[in-house]
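What follows is a single structure, written as structure tokens, with notes after it.
Chain naming follows the written order as A, B, C, D and E, and within any one chain the residues start at number 1.
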Amino acid sequence: MIVGKVVGSVVATRKNERLLGSKFMIVEPLKNMDNNGRIIAVDNVGAGIGETVLVALGSAARIGCAMNEAPVDAAIVGIIDNSIGL
Amino acid sequence: MIVGKVVGSVVATRKNERLLGSKFMIVEPLKNMDNNGRIIAVDNVGAGIGETVLVALGSAARIGCAMNEAPVDAAIVGIIDNSIGL
Amino acid sequence: MIVGKVVGSVVATRKNERLLGSKFMIVEPLKNMDNNGRIIAVDNVGAGIGETVLVALGSAARIGCAMNEAPVDAAIVGIIDNSIGL
Amino acid sequence: MIVGKVVGSVVATRKNERLLGSKFMIVEPLKNMDNNGRIIAVDNVGAGIGETVLVALGSAARIGCAMNEAPVDAAIVGIIDNSIGL
Amino acid sequence: MIVGKVVGSVVATRKNERLLGSKFMIVEPLKNMDNNGRIIAVDNVGAGIGETVLVALGSAARIGCAMNEAPVDAAIVGIIDNSIGL
């Protein structure tokens, strides 16, 4: 997983029907994380813009959020409220 | 997922038979996205050149687009029509 | 897998319920490893800050740690106590 | 998927038995593709050196080429014969 | 897959029990391969330090080496003994 900040959201009216009802947030990974840039992640925990979140990537996002059949490869799965060494 | 712009398409007459009927679009990720360059994505929503799209990567593309047995690792799954902070 | 050093941890009170009880460690990959930066990994072996660990990524983390249905894409699966050429 | 050029091949006499009969091609991704360098891909369509090909990565290669139990993470799945904007 | 050179090994006495008996080799990918650095790969073919090997990544390593339930995301699956254009 990586930690990032929610910096926005995108809306797609025309989309794969298995994505109906999903909210797509733009996550900017923290600078020292293993990532090259922003990710669009489905929100699984009710995260808002400005919050620091935990993002799961790959099949973990899809299966871990019970969206097994949806085209989802990233999901916000936690809101960080404490940390050591971040 | 990442957001990118459809900038072209490729045609492969000789191909894996499970790809018959698929349309392969060239997607250029937006500059600040987590990607090193262009992706060839199967079109799942009727996207055209110049449109800004949502792309699912990995097994999410294959399974989320009901192409479970096809050699597909990227799919256009939405057309972006609104955004905050993109 | 990659080898890294545990440099901290994060806490998320609000999170996906399948992550309840998991401990999230911040792992800094060794400089010459195939990674761009830090990873948040679930601890599967009781690793502490400062230890050099083996981290499995992707579906291997989820399935290999018997967390098949959890949104986990990285796990600490060993503590390195000897090496040649690291 | 990515598009690349077949630039060579490798032979491994001693190998995992599930790879028996597979042909391993070296593919150099086109410069603007989402890749850091060359990939070794199993040939699924009879591609030759110098041809421009479509390569599927990850589980898509394995499952999409009906090699579900083989250690294959990349496969040539089409030969590009036409394109717009490549 | 990628091609690399075995440059060392690591030992983890305390580890996930599904890794018991596995040998962890350090593989340095060849310079022009699609990788940012070293990988720790399970040895599936009896590779030694200094040998040039074929490495499968992701679920292909786990499933292709019949370690379906182990936290393994990279495996040495062949020893390169001949090549064109490498």
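Going forward, a residue touches a chain if its C-beta (ideal position, glycine included) is under 8 Å from a C-beta of that chain, and two chains touch if they have at least 3 such contacts.
Note that the coordinates shown come from a computational prediction; the quantities given were computed from them, not determined experimentally.
> Report, in degrees rounded to the nearest 5, the angle of the rotation taking chain A onto chain E when the C-alpha atoms are fitted.
145
> Report the inter-chain centroid distance for chain C and chain E in whole angstrom, where each centroid is the mean of the CA atoms.
A distance of 19 Å separates the two centres.
> Counting only residues that touch at least two other chains, what does the list for chain B look like?
Within chain B, the residues that touch at least two other chains are 35-36, 58-59, 61.
> Starting from chain D and stepping next to chain E, give every chain of the ring in the order they occur.
Cyclic order starting at chain D, direction chain E: D, E, C, A, B.
> Can you check the complex and tell me which residues of chain C touch chain E?
1-3, 30, 32-36, 44-46, 54, 56-61, 63-65, 75, 77-86
> What does chain A use to touch chain B in their complex?
Chain A reaches chain B through residues 7-16, 18-19, 24, 26, 29, 35-41, 49, 58-59, 61-62, 68-74.
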